[in-house]
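Each of the two complexes below includes chain A, the first together with chain B, the second together with chain C.
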Partner chain A sequence: MSLLREKRKIAFAMISPSILVIVAINIFPIIFAVYISLHLWSFGRGEPRFAGLLNYEDLYYDGRFIDAVFTSAKFVFFAVLVEFLVGFALAFLFNVKVRGMATLRQVAVLPIMVMPIVAGLVWFYMFNENFGVINWLVTLLGAPKVGFLTDLDVALFSIVLADAWQWTPFVMLVMFAALQSLPEYVYEAAKMDGLNGWQTFWRVTIPMLRPSIMIVIILRIVDSFKMIELVFMMTQGGPAGRTEVLPWYLYVTGFQGLDLGYAAAIAVCMLIIVTIFTQFFVARIGFGDDQK
Partner chain B sequence: MASMNFYSRTTAAFAVASVAASFAATSASSEGVLNGETIRILAIGDPVFQVMQRIHGDLEEMAGGTIELDVRGFDVLRQQVLLNAQNDVSNYDLVSVDLPQFGEYKDFLVDLAGYVEESGMDWEDFHAAAWTGAYHDQKQLGIPIQPHPEIFAYRVDLFEEAGLEPPRTTEQVLAAAKALHGSKDGLSGICWNAARGTPLGQTITMVMGSHGLPVIAMNPIEGGFDLGNVGPENMHPQMDSETANEMAAYLMELMKYSPPGILNMAWDERVRVFAQGGCAMTYIWSGRSAIYELDENAEARGNVSYLPHPAGPNGLNVSTLGGWFLSIPDNLPEDRRDLAWSVIEWMTSPEMMAEYTKHGNCVAPSHSVSQDEEVVARCPVIPYVDAMATSGEIAGWQRPPVPEIQQIFDILGAEFHEALAGAESPEDSLMEAQRQLDRVMRRAGYY
Partner chain C sequence: MTSDSKPISQFNLRAALALGAACVVVGFSLFPLYIMITTALKAESDIFSWPPTWTFSPTLQAFKNAFLLFGGQNVLVFLFNSVLITAASTALAVGLGSMAAYALARFPFRGSKHLAFFILSTRFAPPVAFIVPIYLMFRSVGLIDTHLALILFYTSMNLSFVIWVLRGFFADIPIELEEAALVDGYTRWQVFLRVALPLVRPGLVATAILSAVFAWNEFLLANIITQRDAATIPVYLSGFSASMGIAWGEYMAVGFFAVAPIMIFTFFLQRHLVRGLTFGAVR
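Here is the complex of A and B:
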């Protein structure tokens, strides 16, 4: 018994540095953000004043915050949808054993290497109505200029396109790796059972890819939800707030307005939203195993 | 503003440059203002400091010491100035301060009045609006290094061709814009800051000023409003006023004669479009005229004249002064303050101002420099600004120096963008802006 206790002590002593690091890096900032969110605190203007739930109450009535939540949801939905569908299709394409495909695959992943802020700047200039190459091409074709970044109905999709350009290769890469790891014998068995190509895809490939699909969707949802660089460089939330995603509103409130209490309340809400979404998908990663 | 961030964080490069340059500088140490010492400056990525970056080696040689120039983007600079103020000892000898920021920083900047008097600095040579812009609570909190107004530029050739008079009122601006818009292939009436957030927010504050009213209820004084004394009773927003409606109607009209992409146009982009012949008129920070005046290929070069902000129906021809001052943080140890002051005196001297113009900084807040023929040849805008300063057509009250100024810009720029984009009526946008500004002031505890 005492030996077991001794072993536990040693084990605890060995993992305690990791626990301390996790507490310092992950847990403390969250607790501190919650603490700040309960205060009125404008940076550089005196000490924080306790305000209870006032910041959250203000958020409830803040139309701009509510709009930003919906804009974020819309952005995440379309960005992840496009990235997943195109990335998934590309993964299958690159999985075909054809000469030159390996080189093409290497080229296709290049956008991931670009810094998001640089990608934003490049897309800003490409979409620009006065200097942009895309509108130049549009006018060469005799069509009127398109307000890629200023049209109420188009701007968000321009940002989705820029995000998809950068992150579709990531989805492709993960799905490609997952496809490569699928065992050949399963397909042989499917063939022996008389499944055609379509049936094999739906009944064999997709279920076996399910964990990878879930992981890639979780990663993309979390990452898209945090996206700020493209909005920063391309639209600053315009036109008329149509691209004002939650991180941008948080940035404007916290880092321009320096209203730290209110910004912390936004951050806490963001954390809750992203946690709910993530857990929804995490719970489904092992779904196939539960059925066994 | 976005582009500002690209000029930031050059410290590392300059640290390396400083090490290399320090040997040369030390050898010349007996001559310059630094006398072999090091000065640490927290600066903004605006033209004058960009010039200092470009001529850093020469500057150190002139100063006879090491200049650590820490250049930041606007938001990061503000955060760093505020963080630095909380230190027991300042990390910087000098900080750069934008004119509307004095209200926020006034409690932790050194009063320079004593130094000015003792050194015999010719303060009357500075433009009066620039000098008094840093005067708060009976203290001189900064010395102008790159203050410049947002003025109005128009293409003289196009106006003459169309037989139009220079526009001094908003009504004349609209008439000229209407006449010139589309009169040539790719020509729009007017360029301005209409991008969402700070750019549009600043436009609103300045245009509302030229309609005769600041965005908050400042005390009126002769010829304007009292910049140096803004108390809690002055913090009520005025977006529910008749003047705000007039301002809104003017901006909505401007939209008709604006170039493509106006809803995302800000700062240098408007000037570049103007420079390339895309607009017949533009609102412009005067220092940015270097973009076309120093570019031989610019269509606008040599064809531009300048006016103060055109006045609204009940307003004044008065341009908004903005831009940068050098200040000393009050947590800088006493034994470094004399050195800091000497550097301010040197960097803001007429000789140095003229020097900066050689490298693309078309700003000279000094009457004597504005009359220097070589400077005028390089930067035609400078005498225009000097004339405006002399005739009292430049002021700083349009952008009130209060800690909430950035929130004011953001709210106005976000809410009124709804109206410009056609998503909301101007009346509703102003009402929502008023409501949000009121909330900000209440949260800050002003009333």
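Here is the complex of A and C:
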């Protein structure tokens, strides 16, 4: 019995500092955000006043907020689509066993770790209409210059491209690791059963990769949903609000409009959306490695 | 050379095609970094030239401007802040996190799994959702524009990640070694420090490097809660528009220093990168 008590004491001593920090800096702010969102709370305009669900009601009728929700959805959809399809294909490319491939793979994944602000800075330069290298490539192909960051229909896709540059290697890396972990014998069995390459791909490889596919897609959805750096550096939400994703709208509302209550209400909406997707992730990874 | 030449040449063609395609991918990955470095090394007239110049005589003028005289603002202070905040928050996150991870893996209690999930899920909250409450909290205790504020926030941000990933690493090592050490008279703390921790060294290295990268690269909260004294490199770089879009070379030069150390780490970290980046979900 005293052994059990000793274990408990140790466990408590080891866990509590971390829990303390997480509760103070991570959990409490979320609760506080809910509290703020229930108030009319502005910088330098007197004391906060309780307002119930007024901020949420306003959000419901706020066309700019609705637009931001759709812009975010569009950005997340196209970014994750491109990153997943290309990254998935690249995993198979880098899985070809040739000397030198491992080194090439290690170099290809470098963009994952690049500071997002720097990625925004460099792509901003490359997309420049007057001296940017991408427009130079466009003119080489004989087309007229494109306003990559100023054209209403193009700007969001320019941001998708910069995001895909950074995160496609991430999908590739994860899918590559998943491919590597597939046991050899299933392929031998598939061969013995007379499956051709295409059949093996659809009936053996894809089903076995499905858990990793789900994980990488959910991670990318949640991650691209919080993207703000590229917008900050490249478009500041423009042109005409076409790249105003939710994080940017929240930032502008809170720290340029100084309407903290309203910004907190947006934050709560974002947290709800993320929580829904996160539950999928947690359900996926939770009960695999843990049932020992 | 070999008698069986046909499959070999087929193989070589496939290999050559794959290598060629892989080189194109690598080229695309490296191209923006190449642009960054060359822009930093270009004279101003080359930066704004049309068509873009590919051959130019490199100059270190932009580096000199950025680090020695540029705008009266001293980049080195930002760089120092970044290093200090990254190092302190990483040490704290890995130090505290490894203890919690060990306890969760070795002394399971009722609800410990739910606690672990809960800790993990805090990691997915978008940082932008924190800017309003964190700003008000830190302001009320006078921590705005202090190193401590960012150290605390990054420690917390990385703790959930470190705990979750290291918990998997601890669960993977055989418990018999620790039991044997207990029999030999080690205390529980000694077992943790001298037996368990050394066995998860790869996990410690991986989580430490990833934590450092997260802290080093983080922009949004740094931009909100620091102004000058504790501002980090991403905050400096985000001031680009304040240069009226003119100082490309200087900002690219600073960007180079913001990216280069991380690139070197990443290149050598490969082995546990996936496990860290997917929170242990994919190995």
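By our rule, the second predicted complex is superposed on the first by the 244 of 292 C-alpha atoms of A that agree within 3 Å, B and C clash if a C-alpha of one lies under 4 Å from a C-alpha of the other, contacts with A are read in each partner's own complex, and residues count from 1 in each chain.
The working rule: contacts are C-beta pairs under 8 Å (C-beta built on N, C-alpha and C of every residue); 3 or more make two chains touch, one makes a residue touch a chain.
What you see is a predicted model; the values in this text were computed from it and never measured.
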Return first, second, both or neither, reflecting whether A:Ser212 touches chain B, chain C, both chains, or no partner chain. second
Now for A:Phe255: first (chain B), second (chain C), both, or neither, which partner does it touch? both
So, does A:Asn130 touch the first partner chain B, the second partner chain C, both, or neither? both
Once chain A of both complexes is superposed, is A:Ala177 in touch with chain B (first), chain C (second), both, or neither? second
When both partners are placed on the shared chain, which of chain B and chain C touches more of chain A: C
Once the structures are superposed on A, label A:Glu83 by its partner contacts, choosing first (chain B), second (chain C), both or neither. neither
For A:Met233, decide between first (touching chain B), second (touching chain C), both and neither. both
For A:Arg64, decide between first (touching chain B), second (touching chain C), both and neither. first
Chain B and chain C footprints on chain A, overlapping residues: 130-131, 232-233, 236, 255
Touching residues (chain side chain A, partner chain B) in the complex: 40, 42-45, 58, 63-64, 128-131, 135, 145, 147, 149-150, 152, 232-233, 235-242, 244, 252, 255-259, 262
Within their complex, state which residues of chain C touch chain A. 14-15, 18-19, 21-23, 25-26, 28-30, 32-33, 35-36, 39, 47-52, 96-97, 99-100, 102-104, 106-107, 109, 113, 117, 119-122, 124-134, 136-137, 152-153, 155-157, 159-160, 163, 168, 171, 188-189, 192, 213, 216-217, 219-220, 224, 233-234, 237-238, 240-241, 248, 251-252, 255, 258-259, 262-263, 265-267, 270, 273-274, 277-283
Chain A-facing residues of chain B, complex: 2, 75, 78-79, 82, 85, 104, 195-198, 259-265, 269, 272-273, 278, 403, 406-407, 410, 414, 417-418, 420-424, 432, 436, 439, 443-444
For the complex, which residues does chain A have touching chain C? 6-8, 10-11, 14-15, 17-19, 21-22, 24-30, 32-33, 36, 90, 93-94, 96, 98, 100-101, 104-119, 121-126, 130-133, 136, 139, 165, 169-170, 173-174, 177-178, 181, 212, 215-216, 219, 222, 225-226, 228-229, 232-233, 236, 246-247, 250-251, 254-255, 260, 263-264, 267-268, 270-271, 274-275, 277-278, 281-282, 284-286, 288-290, 292
